[in-house]
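Structures given as structure tokens follow.
Shared between the two complexes below is chain A, which pairs with chain B and chain C, respectively.
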Partner chain A sequence: MDIIVEMLEDLHPEVDFEQCSSLIDDKILDSFDIVSLVTDLSEEFDITISVEELTPENFNSAKSIYEMVQRLID
Partner chain B sequence: MLFTTSNFIFFIIILTVLYYLIPKKLQWVLLLIGSLIFYGIAGTSYLIYISLTVVSTYLVTIKIDKIQEIYDANIKENKEKLSREERKAIKAEANGKKRFWLVLALLFNFGILAVLKYSDFVVSNIYKDFGGFGFVLPLGISFYTFQTMGYLIDVYWGKYRAEKNVFKLGLFTSFFPQLIQGPISRFDDLKSTLFAEKDFNWDNFEFGVQRILWGYFKKLVIADRLLIAVNTIIRDPGTYQGAYVLLGMFFYAIQLYADFTGGIDIAIGVGQVLGIKLKENFNRPYFSKSIVEYWRRWHITLGTWFRDYMFFPISVSKPMINLSKYLRKNVNNELGKRVPIYIATLLVWLTTGIWHGAAWNFVVWGLGNGIVILISQELSPLYDKFHNKFDVKDKFYFKVFQIVRTFWLMSFLRTFDCYRDVGTTFKMYYSIFTVRNLNEIFSGGLMKLGLAIEDYILLTAGVVLLLLVSLYQRSGGIRIRLSKKPIFLNYILFFVLFLSIIIFGTYGIGFDQSQFIYSQF
Partner chain C sequence: MQKNVLEYLEKTVISKPHKTAYVDKETSLTFEELYLKSKSIGSALSKRHYKEPIVVFMGKSPKTITAFYGVLYSGNYYVPIDEEMPYHRIELIFKSLSPKAVVCHEEQISTLNDFSYQGDIYLYENIIKTEIDQQRLDNIRERQIDTDPMYIVFTSGSTGMPKGVVASHRSVMDYVDNLSEILAFDENTVFGNQTPLYVDASLKELYPTIKFGSTTYLIPKELFMFPLQLVGYLNEHKINTICWVVSALTMISSFGTLDKERPKYLHTIAFGSEVFPIKQFNLWRKALTDAKFVNLYGPTEATGMSCYYEVNRSFELDEAIPIGRPFNNTDVMLLNENDQLAKDGEEGEICIRGTSLTLGYYNDFERTREAFVQNPLNSHYPELIYRTGDIGKYNEYGELVFVSRKDNQIKHMGHRIELGEIEMAANMAPDVNYAVCVFDDQRKRIILIYTGEATTAEIADFLKDKLPRFMIPNRIRKIDDMPFTSNGKINRNLLKEEYTRR
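Coming up: the complex of A and B.
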């Protein structure tokens, strides 16, 4: 989880990612951010994130991203 | 039948009356019949092409759905017996079959679009004397093909199940208000109101009619009037250079906005009269502070289509992720992160350009947009530093500067739409810096563009009204606020709007002539 928060903070240092749960709905992460994050996550966790996973529900908070990663590792 | 024909007005009135008189479960059937009549009058051969798209998409989505169903049942039944590897293999096999059908349908439908729209362009670039195949391009084909392929991909991704009724899919594809120039709808979004049974609702009706009137006002009073001056300037690049080019850019910015948003207002308004909610396509784009923001607020449904069905699939595809990993290992982390984004962005913008038209102008326009977006992305750390150092980010004057800068940047890029070829556009850019004729415009030049002083007064009043409405919209829906005012005030206001369309509208011969710009895409 901490690694994911760090990745997010790299993109937007000004946001409190521990708390925020509307990263997509409030347009904090744009499409460029999402792709950067996907490349980071694929590298770090050696997972394949397919395009079907790129939904607001999966990317709205650090926690939901973490859960998606967990699911893909399993 | 175009929105700006008297026939369309009769068509809407008759359709609306019937719509609320017939049994509610037949309402969507009436819309389908109405849509086919609407499209058939525009061109009977169009009906063949759109039917090919509907039927092929229907058959393939049903097939994909079936493959998924069999896979789900197999896994459910044998969950205990199958090993993890076996489950993976079954899944890969099902995905492979689904992908085969997806690719087939994409090739078939984009193939129709490509042959009809682009074959002349491609062949004439190879053989200079080629006269053209002479295909008739069905109106709105780029819009309905994109909308239907979005549906197909959604079913493939398992976002929702395939529609079992081919006629309902037919209505989704051909629904007449959005058929010619959008907005591009998503099936899961539109179906809840498109196929629902609806009672007559006075608020919806009133708001819808107001929106339609506002659309006609923008189109007939502003856009079609400005079109005269814009055409005078761009069709004679030998005469109208220097400051005229800037004036043309400014006029075209307003004309295109009034034309396209006017058409969308009519579409959304007609939808609302029929109790159907269409997506908003604009969010006051000329108040954007950057080009990225502009593209989030202009032609929103096309932008999100490209994002969801092209940008994301390309940028997170296996080859891209592998390339990213390779670059991270062998060059550096940052480049590995950015290359997929950059490749996907340029491909998306190249396609966006080509989507708008089969000509080099649009290719250059599309790539121009992509390159400016990437440059501003690269420079954004520098911008941030500047904003922080001088503490200007929240200052009013700086926001105004950013808005004006974005407006003119977009106007410069948009000039590629206007002139007959890329070379002429560059010549006109050059003339802005070399031909000094600003005085000429204000000492009689304006009057030579086909518009009289009354036209300029009307245009100024119209643009001020557009601006006021835009500013008013910033703090919430304008019509809801208006509806809270006394009712007679509302009626007077809309009666004045109606009268002004009748009196001040720019009508071609027989009120029929001026097409919407986006209906040609």
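Coming up: the complex of A and C.
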């Protein structure tokens, strides 16, 4: 989880990612961030994030991203 | 002879009054509605005479497009400002224009008050109800000429001040007519618009729609994060033509979307202003074997696009798709360092000649004179060319290829950006001593490197108010000391090497 928060902070140092659960709904992340994040997550956790995983629900908070990564590792 | 872009609409409204012109999530307008509402707006705005351009300060919507046409009916020219632009940039634009009239919605009024705008405010919802004064609109049209200004769009400027490019009816008609021929638009074209309305890229959908009586869907921005939903949207609305920035196309292809769901109605895909990675491009070509793929190239200063290349062969992974050849009625000259035509295969600056040239930069004769210059090959009568600052050459097939930039300008997410403008903004941040920007060409990231006491979070927060989203650095890095070259300049190459290393 910490690694994911760090990745997010690297993209937007000014956002409190521990608290925020509307990253997509409040337009904090944009398409560039998603591409960047998917690349970083795939490298870091050695997972393949398929296009079906790219949904607003999966990317709305650090926690939902974490849960998606957990699911893909298992 | 056609002298005004509104004549496109006036012809189409007769043959297709009830067809849908522009649609988004909330609004859908037929050609007749568009025609009547814009004439109402034109009638309202022309009650007073404004010398200054009229600002349209609205979000992305068919209503905004109606407001553009309304401004044109009033005989004036429009400046699109979007609420997604940062506060400081809007302020700079207002400073450069000193506008006396703004068309907006209720929700923009507080922003206007914030920077003590003194001029007239026209609420869209009110002025679309104005009674049409046909006599006045006719009188206005009669006095207009085709080289009258039509809009101003702002591009990044290296000094920190955005440059307002003024285009005329003539240059837009030249662009729209020739682009339509190349991409074979007609009444059956269904556009899926991606680009914001405040950049000239959106001319590709706006004006062909009224020229042919086509339909344009304004695609919700958030869909560009979720490729499966995006392709679903294209199929649901039977969209067959897209003119997108490369990053929007690669967003779809890079996640294997095209294997899962194919955009089955798409037959024309235009892209441009950035390098299309061949691996991604091949995925598109494989998925849509019968579609037409066209690379477009051109500066805002020559109205939209100036060159095109229709892909007709396969490319090696390390090859770049050519920018091809100029549009009909546009000429490209490659000038070498001595201002002579570059020899076969030699590199030169891409210089553009033709009716498509815009009128220049608003309120900036000096920078206009630097870029719009007398054709150095003609010493007999006045003839302007536009110097793009792009370096190009001809390949073995005689096609024009883009080589590099002469200066610090980059292309990122389809936008043209002066790194100097980002540096200028970052250097204004409290507790920043020195800020330098480099671009990672491989990963397509803007990296800001700075010295000073400020934290990265403080800088990111500061920049959000100063710069548009696409200019905000993707990475911010703090260092103790700036590296200098032997002659005392910041060693940008060293920084770039260090921070773009894989």
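Before moving on, here are some points about what is shown:
The rule is short, and it goes like this: the second predicted complex is superposed on the first by the 74 of 74 C-alpha atoms of A that agree within 3 Å, B and C clash if a C-alpha of one lies under 4 Å from a C-alpha of the other, contacts with A are read in each partner's own complex, and residues count from 1 in each chain.
Methods note: a residue touches a chain if its C-beta (ideal position, glycine included) is under 8 Å from a C-beta of that chain, and two chains touch if they have at least 3 such contacts.
Only a predicted model underlies this, so the values are computations on that prediction, with no experimental measurement involved.
Looking at the shared chain after the overlay, A:S42 reaches chain B, while chain C stays out of its contact range. Judged by the touch definition given at the top, the superposed model places A:L29 against chain C, while chain B stays out of reach.
Legend: residue contacts after superposition of the two complexes on their common chain; A:E14 is shown touching chain C, with no touch to chain B. Once the two complexes are laid over each other on the shared chain, residue contacts for A:K63 go to neither chain B nor chain C.
More residues of chain A are touched by C (comparison of chain B with chain C).
When the two complexes are overlaid on their common chain A, residue A:E52 makes contact with chain B and with chain C alike.
Common to the chain B and chain C contact sets on chain A are residues 30-32, 34-36, 38, 49-52, 54. Listing the residues of chain B that touch chain A in their complex gives 157-159, 292, 307, 311-313, 315-318, 321, 324-325, 328, 336-338, 340-341, 344, 377. In the complex of the two chains, the chain A residues touching chain B come out as 30-32, 34-36, 38-40, 42-43, 48-52, 54.
Those residues of chain A that touch chain C in the shared complex are 10-14, 24, 27, 29-32, 34-36, 38, 49-52, 54-56, 59.
Remark: chain C residues 222, 224-229, 247-248, 251, 254-257, 260, 413, 445, 455-461, 464, 469, 474-476 touch chain A in the complex.
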